[in-house]
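Each of the next two complexes has subunit A plus one more chain, namely subunit B in the first and subunit C in the second.
Up next, the complex of A and B:
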């Protein structure tokens, strides 16, 4: 049995190919419609960042809840969170597209608009980037430490690194709550600078966690199908399904909470957000979003037979890849364009980021043993069995 | 595969199955201790006060309270939300921890569920009495009637509330009761008193403990558990829409549904901790309610307290970010500062700051401090509801109708009365029902042990 994942030539070529398509799409977009190009850059970077954050949160959650079943494949979320530094660089690149994306960043916007003037102490370009640096440094330091402890545990054994990981997981979750909230306000909510909703941060966090777990399940299943993680059994599948199922409910709950309360109270400053979404061709996406992210996973995984079936879980995760994209699209694009746009730029940018993510992921995964050798819960995970 | 050395033991000492039944049912056969009688007397006194307050309310009307046109909701709604919140932990414990396969739930779920039922009953008193004409309370049922074709307002969150709470009470009471059936059978088989045999035998539904019965029992637990898991979230979400679907500053917040649910779980867990420490101390159940159980509750409390802190922060930040002058006034002039700043800061201190002491192992281990913190959390959660209900109403859009609010003795009496009723319920539970789920604790007795002591 291979203890390490090897990054073969084909994998690398495909990844680089995808990245080239992505760059081509961005350059093409930049020349024809720069606003759309920047919006795609933001969308896809946020997309894969939220998946990486979701995976790292999953990992931290396993420590603080003393969960054993996932110990076997914990190197996968570790590798997924290694995308965070890459996302940091791309997020800093947004600097050159601020004028296209954010209304509040327009020169002189604050002078004519009292709401923007009110928010200026928070929403201004220098502070925006200072915050980006703070968020990413915290996330990078903590995910790096968790990764380091995990690798040292392999070498030295004992409970020392496990206990350290537990402590740092708590700190990470604590900091993530604050920083990711503000980050989602900054990057996504401030696109509609007049609009606000205080469930927004939580909703974005859950979306990231949800799709991070779905992606994690998909990757673990794909690795299993390629001969790794031979111990993966139907009980693991059921636990993955439970996560996806529970998070689909939570996603639907937050979606509904925000929508229903804004619709019910009908305050113009707030309903404008959904009014936009219900006109100019966005409405179909609004419903597709609900179907992909809540209805299908919820209905499919409800049955006891389905939730242990590897193929079904795999396909639900694949549905959610599209679901997450639509969800992000409908969060970002109504603020950017009047009618929905979809074409080479959208497809290319997504493929490019997918390639980049896969490359970073594969590279990190190949650096350490696939199965952590001295994890105290390893046996629980290898012989995981649920009634 | 349960690793005791990492996760902490579930049952201490070398217990046999017989010994567990004996230990847990012992208080039922013993005479009630003095402290129990004293506590019962106090609870009865408090409940009597409550009944008098109820009588005054019904006899003379809502005018005996200090609620007015501006502050139309006062202590009664605060206490209603507070009790409903406490009534959440039972189901949260039983279902969420069951789904998450947290084995330590077994010693605690029975007491938590009992508490749920009593707390929800206390909560239900308030909306009924708040209607003014309590004898017409049945009007809230939507049914074809002779009052003209008069229907309830289906668009009203208050009506959704009624549906959600009655469903929750029904399901959580059934869940609690069916969970007790095997334990009632154990008492029936062990007791020497004929009277007890008859009573517990009646409630045990002729349980024999055959494998077929266990199969059905487990299927039923999962079905009821599944329904209750949805209800536990929906009840408090709907309670939150009572506020959030309005356009009152400080109430209209999209964050409210999850914020209320988390707050409810917070106060409920704190109350579970209070009760578990009492049970452990009063009945010497250290072997079943171990340090690691209380440790786990304390850890959940820190985590939830951080969520509460983040939610408070988000609300304040958003009120500024929104740029809405009314929101800003409510938060900055009428909560953080102003007439009700004490209540605001009491809420923040009790809920977001003091529970952080649980980060220290010494605090988690010291049961006296843990007990005090668990009480402080419930005080803090009361202040949270006060903050929401009163501050937003006292000073709303129209300065000419600004007012202040403080309760009358009748309102205080109602609150003390429900505390008494809750106390009576809990004390009866201590005396007549096995406080720990015997059959479930037996199920985890050998967790983590490789060599079985008896076969």
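Up next, the complex of A and C:
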């Protein structure tokens, strides 16, 4: 079988370098503009968490649909979802920045504001952190179990672990649908405590799944270019781009569904959300978001020739990395600052989290064989061929 | 006798495909195939190219422009009405109608394009060399060539016969 992925010195040094840049950016931000620093911490942590969640959802989806094509590189989504425990620690650190980020967490906010008083039984600091612990422990336990079964399967073989994985995937998807919705309400929607949207959770979930798959495709392509996964062919590429193409439509659909209902009903407490996005220099980003996350992937991957081309899929995934950042930025920052800000703190924080993600990912990937030895659909994946 | 061809009838998809591969390797022209259901390998072996998807895309672009133009004409130029203080050119509310009508236009125009190109219309008598290809047989029409019959039989054709097929 294929050799293991080795974490070489250069990879580690680059990752640690990026993490140091990230820490420096956060400390610099903390001293000059603490609100912005905390917002960046939340943004980037949520960014990579949603990618990890998206990858783990992809993995669970492959089990319950018994998909064969992805069996070869299922260690990659497993390694991506190992970022969840790290994200849990960073999310708990938000405790020290609650005052900067969340208006409802201000001392005495509930006394003067009837809306916050009404929401106080749900939105209060102790319950907020109890929920964080519940969400993360569920995700961590279930992704850990899936990972464990996968490694046990390598050692023992047989269908037992595959069937177990399928069962736990069903449980995971069910719980994830519920907990991730609440999590996106808690972390992102409550930044603007007076505003609410029921479709918000779906949109955030699709965003995570969409960009998780794009990142997964990018990582698999990069590993292929470094000499791993030699069996990767145009049929795998087509399946990846089908996912990306389908999710770009779904993303656009949810984006538009939320926007149009709010635009059309024109109720001030709802439109405030888009009013913020359309004034003070945010409007360009609003359109860039649509172009990067829906228009470009949709148009580029429409052609049959393009969606089998590895280079094109790779560049679409790279576009989506920026797209996801802008999508998160435009969700979080209008509640924090009046005009868009971009500088060392934003770049540094993103690089820092990227380094952290890459380090955790590489470390987990190097722990097990790149290609699972006894997956029942392995052969189908190695010789995957559609038309 | 210009249009005299050899007809091979098969029971099995795999044998049918391998016969096609054999004939192609010996550069004998396969004029047409008739199968009970679509087979990917056959499509590749026949090397047929289709520009149908480009046509569908063009219809889509035309439909988007047409529908948006129509909505703009009706709600802005011809009969402006005030709906809850919205601008008369309410672009976001046009999008849903545009999507639906674009899908409808592509479907209908594609149907007509296909009918015209393939010369299929309601009430047409099917033209096929062996009617059993609508049931469970795989039929191919091959150019008359000295070794073609033998090659078909070798690959497991249940019947091989000659027939005049003038419409190919």
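In this section, the second predicted complex is superposed on the first by the 385 of 387 C-alpha atoms of A that agree within 3 Å, B and C clash if a C-alpha of one lies under 4 Å from a C-alpha of the other, contacts with A are read in each partner's own complex, and residues count from 1 in each chain.
One rule holds for everything that comes next: a contact is a pair of C-beta atoms (placed from the backbone, for glycine too) under 8 Å apart; a residue touches a chain by one contact, two chains touch by 3 or more.
Quantities reported herein were computed from a predicted structural model and do not represent experimental measurements.
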item	value
Residues of subunit A touched, compared between subunit B and subunit C (which is higher)	B
First, second, both or neither for A:118, with subunit B first and subunit C second	first
Contacts of A:264 with subunit B and subunit C, given as first, second, both or neither	both
A:159 touches, of subunit B and subunit C: first, second, both or neither?	first
Which superposed partner A:353 touches (first subunit B, second subunit C, both, neither)	neither
First (subunit B), second (subunit C), both or neither touched by A:304	second
Which of subunit B and subunit C A:181 touches, first, second, both or neither	first
Subunit B versus subunit C as contact partner of A:251, first or second or both or neither	neither
Partner chain in contact with A:26 - subunit B first, subunit C second, else both or neither	neither
Set of subunit A residues, in rising order, touched by both subunit B and subunit C	260, 264
Partner subunit A, residues of subunit C touching it in the complex	40, 43-44, 53, 57, 84-86, 92-93, 95-96
Parts of subunit A lying in touch with subunit B, wherever the complex brings them together	64-66, 68, 114-115, 118-119, 122, 159, 162, 173-174, 177-178, 181, 185, 196-202, 242, 246, 253-254, 257-258, 260-262, 264-265, 267, 269, 376-377, 379-380, 383, 386
Residue ranges of subunit A touching subunit C (in the complex, touch as defined)	256, 259-260, 263-264, 266, 302, 304, 387
List of subunit B residues in touch with subunit A within their complex	1-3, 6-7, 99-102, 233, 237, 241, 244-247, 252-258, 299, 303, 306-307, 310, 313-315, 318, 321-324
